[in-house]
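Every chain is named by a letter (A, B and C) in the order it is written, and numbering of its residues begins at 1.
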Amino acid sequence: MDANRLTAEGHARRRFLLGTASLGVVAHTPSLFAAEDAPLVASAHVERGALAPVRLQVNGRDYMLSLEPRVTLLDALREYIGLTGTKKGCDRGQCGACTVLVNDRRINACLALAIAHQGDRIRTVEGLAPHGALHAVQAAFVERDGFQCGYCTPGQICSAVAMLQEARSDTISAATQDVRQRGPIALTDAEIRERMSGNLCRCGAYVGIVAAVRDAATRST
Amino acid sequence: MTQTATSHVIGQPLDRTDGPLKTTGGARYAAEFRPAGLCHAVMVLSTIPAGRIVALDTAAPEASPGVLLVLSHRNAPSLPKHGDAAFDPPAGRVLSLLQDDDVHYNRQPIAVVVADSFEHAVAAAALVHAQYERASPALDFQRERAHAHTPKDVNHAPPDKRWGDVAAGERVAEVRVDAIYTTPMQTHNPLEPHATVADWQNGKLTVYDATQYVSGVRDALAKTLGMAADDVRVVSPFVGGGFGCKGSTWSHVVLAAMAARQVGRPVKLVVDRTQMFGPVGGRPHTRQRVALGARRDGTLTSIRHELVAQTSQIEDWTEPSAVVSRMMYACPNGATSHRLVKLNIGTPTFQRAPGEASGNFALEVAMDELAVSLHVDPVALRLRNYAEREPATGKSFSSKHLRECYAQAAERFGWSRRTGAPRSMRDGNTLVGYGMATASYPAHRMAASARAVLQPDGTFVVQSGSQDIGTGTYTVMTQVAAETLGVPPAHVHFELGDTRLPPAPVSGGSMSAASVGPAVQAACRQLRERLVSLAVADATSPVHGSPSSAVTIDDGWMIVRDNPSRRETLAAFAARHRQPLEASAEAKPGDAKERYALHSFGAVFAEVRVDPELGVIRVPRVVAAYDIGRPLNLKTARSQMQGGIVWGVGFALLEETLLELRSGRIANANLAEYHVPVNADIQSIDVLFVDHPDYAFNPLGIRGIGEIGITGVPAALANAIHHATGRRLRDLPITLDKLL
Amino acid sequence: MRAFDYVRAERIDDALTALAEGNTRCLAGGTNLLDLMKGDVEQPARLVDITHLPLAGIEPLPDGGLRIGALVPNSDLANDRRIRERYPLLAQALVSGASPQLRNMATVGGNLLQRTRCHYFVDVGFDACNKRKPGSGCTALEGPNRIHAILGASNRCIAVHPSDMCVALAALDAVVETQSRGGARRIAMHDFHRLPGTTPQRDTELRHDELVTAVTLPPSPFAEHSRYLKVRDRASYAFALVSVAAALDLDGDRVRDARIVLGGVAHKPWRARDAEHALVGHALDDATLSAAGAAATHGARPYHDNAFKVTLAQRAVVRAIREGART
């Protein structure tokens, strides 16, 4: 058998060693990781139903998980690591509540497989301000009341953090009048609205969200 | 120290007290509770609208990896009264609890699969195959309208109400408007899907639920399962939006509890987004006739408002759209009625401003049509018919300042720049339209209770079994408590969302603040009085010996009013009192409802821009002024009104739940094709409050604000579109195709 | 989601080998595939993860065109300086699609293979869908069909292709490059997507064992005068009711060459050749514009909810040409 091939039978031993069923966080200590002798990157071949060792780097911390390939990045965060700040709103890429940063780019974690994101730098809302104080975008959301129920908020905030970086890199949006222009693109309210439109807010806090992003953009430049 | 530091906390635009938790991912929603041994349940829903299940293949899912249970009508436990023991809306509804093989609507729960992981449960659920014996469904509203019936009541109001002599009023009318208005099925779609975690320990049930009504869920579960209410605890500290759909206990809540009991482990059941379109309610389609009669000077002589709406086969739930015409304008003669058409659909339910949102659209567009016929300004027409008393009852209003709303909003909006004729305003090639409408929503209040506890460090824990569904309950109740106690808001920790706390009503019908606020105020006032009387009797206190009436609490200090040097902090006081000091209170509505007509009002002005060739509609600005009593927090109140207006934009221009008429299945059961407004759909929304406390309604002078924001907006937009284009569109949503 | 074998391809050959074994889908951005797998619409036995293949570059071609690797994310493509300056039509189309998050994930290859948003295709609770279950019927013929096709449909399927990018690529005469173990192929964009006919289950000409490796763009004479116009219900984050890619090569006010391609109206990006003919050789006056608009929907056949698309498409064509000429 291919050493890199994981089968449904073969995973039983791993499961036992890792000391948990598929429900919990498996472990994240380097020693256990080494003892498990798992490869640093994805197994080249995992048979259906088998668990594969999956190492995710989230908010600067390594998590060694044992997952089926079909586990999404969103479910890996929420169900297997226990980082529930990232929300599941539609699970189909239609609401943006699951927005996280992967290598500083915003993506929908519901449409990503965890196993395909090994080696990536993943940042969630919990990792924006690790030392207690709020990130500038978080503070602006509080001050401008850019949320009500709070469920879309982690996604909005992650999206805004990435969006401000995108705008600094002079990326275009559908609100950009002339895509051929060179140089900075002014972050008008119309640009902010368009660039934040991948995050639905059913409470309708859009006025506050735009104000918060505008504030954060001004403060961080 | 300032003497008045904490005497005006209520009303201040305080940041949400739960803001840091919500912005850092620390707020915990129902699906995020994880009792030890948690397993995952997924519902299987029907794919036909009517008939019987004749065969259910559960062998494959049962053999699927990780599966612990496939619960269906074949093995589900029998429940008291066939599962209907809790019926009492809003909390208790007619549910689908696998008690028989009948199918009454498409996407009805027919099985629940429980497995050790979410992935295993989902995969196994896909293997559950039902064979049906199909019955002929009723799905075509137009066709079934012939069989409409009169419901028993509409939200505790009579279905039919007449006053004066409407036929006589029509005979003397010099101008008439008589038209049919329709609103589509809509779906709440809070961003957080319904979710329930059920955990049984020694015969007692704890449920973490996404709900607007913890005690309602407790009672519904207890009755449905045949248990004592004390053996059920419901916990819901954070709710990701509700808008009405989480005001009822739907099937999945009970099914999660049934499944957990059966597998002997805690179970989490999340309703996935597509499953939100059927078994958890929605706003029904309405067809409304509004007929207005008026004299040449605009005085209304008659008003008819007749609603026909859809409901399900299993329960009568009425969208009370015509009720708004019973209170809005001073018209001596009126006739209003509600009829229901039974279809094979999931039971509709309360959705943000049930009745008012849809009924106001019909009435306020009809008023605009009347204004056009009379060549009078739409605001002037409304002032001409301004109601000083509720027309259908003759009661005076507890507090009504709608004239100020019209004036302030019109001024801020620049209504005077409007030129009257349709298609008379342009910006380049773009058609510009200004439209307005009145907003209204009744003020409701129910009994509520609260407890306030002094902590050893001199801060307070204040509790009520209410909910914060994004409405700011945590924050505004902190403010009510802080001001009443005389301490900074930071010294109050407010707790809610747990049936172990003093009971409070549903967070629905815009009643939470007006119900819970007085209870919090009463409990805090009692505790404050108790603290003062203990301190003046306490020889070690600097305030010792003063009469209680001479001692106040301000900014966390207990102070002798006439001699402020005699004072101590509550922290110092609390440190000497080892026992927790607490007070509880219940606040009841009193007789305001019998004496007065209780309503909030507003005036909504909207500008639309219409692309004359492509029909694309944009809403650059909405200005609205509201008479909602006293706002408890200007920041959260403004947000809530803005959010309601965003809903109004969705209602007018975007939202429609599409029913496929052969299958009875909702065709756009997702957030890609069910269009809630996105950020780019919303531009400027300017909200004003005319600040007139309504002390006749409750001691805080507040009226609820959850729903009024959506009302008026659909009509204001439809009226603005008419002004822009000359097209009178009476069927919502007004999508661009209707303007081509 | 059903369980599947997961294979990580380190080399293109790994992917081709896996594809050749059948019932295999390539996982790139995942935005469409995982969505459909969650809905049980797609049930592949195996996913081959191609995200590590060296197909994420944009290279200049000797003829002055560009070769775009199949794994280039939509957002990167939209923001590539060469695309923005030389193919602004494509940049506009890309940023009008989906959301920023999805554009960061979705790839060029995946966008080409995007499947329809037809209500009855994406929901397996509807029995009848010839695209999903050949021979089962078409619910859209009678059900709500406001978003469905007006051009090129058949009585088996009236679904529309949902992509914005593909509409622009068709206007820019792009070519799709594929590989299989049998060799490489180049397929003109216009021929890549199919009309439903009697086999609506097949969206494209791609064979199951083939991998899209790149899209090439020839040098374009349209950079100065082009416009992607998307008309949709929401202001953003919504699929097109109608979209138009209008690309003009102008000689003064005369049209030397033109491409008019419609989105949201057919099972594939709909090249409106009659509209192009109405433009080429003519001055861009009102008569020419309205002739082009009318010609754009020749042969249209609307269904009960979507007759508006005929008018909308005509007017959108006029608007897109007008705005394209002005740029």
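As a convention for this text, contacts are C-beta pairs under 8 Å (C-beta built on N, C-alpha and C of every residue); 3 or more make two chains touch, one makes a residue touch a chain.
In this text, all values refer to a predicted model and were calculated from it rather than measured experimentally.
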item: Between the pairs A-B and B-C, the one where more C-beta pairs touch; value: A-B
item: Most central chain, judged by mean C-alpha position against the global CA mean; value: B
item: Chain A and chain C: spacing of chain centres that average the CA atoms, whole Å; value: 28
item: Centre distance in Å when chain A and chain B are each reduced to the mean of their C-alpha atoms; value: 31
item: Chain centre separation in whole Å, for chain C relative to chain B (CA means); value: 41
item: Where chain A touches two or more other chains, by residue; value: 49, 68, 70, 91-92, 193-194, 197, 199-200
item: Chain C, residues touching no fewer than two other chains; value: 1-3, 38-39, 235-237
item: Chain B residues counted as touching two or more neighbouring chains; value: 65, 119, 670, 672, 677-680
item: For the chain B and chain A complex, residues of the former touching the latter; value: 15-16, 18-29, 31-32, 34, 38-39, 65-66, 116-120, 189-193, 238-243, 270, 272-273, 469-472, 635-636, 638-640, 642-647, 670-672, 676-680, 682-685
item: Chain B - residues contacting chain C, complex; value: 45, 47, 65, 106-107, 119, 122-123, 126, 274, 613-616, 618, 654, 658-663, 665, 667-670, 672-673, 675, 677-681, 735-737, 740
item: List of chain C residues in touch with chain B within their complex; value: 1-3, 38-40, 117, 119-120, 122-123, 125-127, 139, 142-144, 146-147, 231, 233-239, 241, 308-309, 311-312, 315-316, 318-319
item: Residue ranges of chain C in contact with chain A within the complex; value: 1-8, 10, 27, 29-31, 34-35, 37-39, 45, 47, 49, 51, 75, 78-79, 84-85, 88, 91-92, 95-96, 98-102, 104-105, 223, 230, 235-237, 327
item: Chain C partner contacts - residues on chain A that touch it in the complex; value: 42-49, 52, 68-70, 72, 91-93, 96, 99, 105-108, 110-113, 115-116, 159, 162-163, 166, 169, 171-174, 176, 178-180, 193-195, 197-200
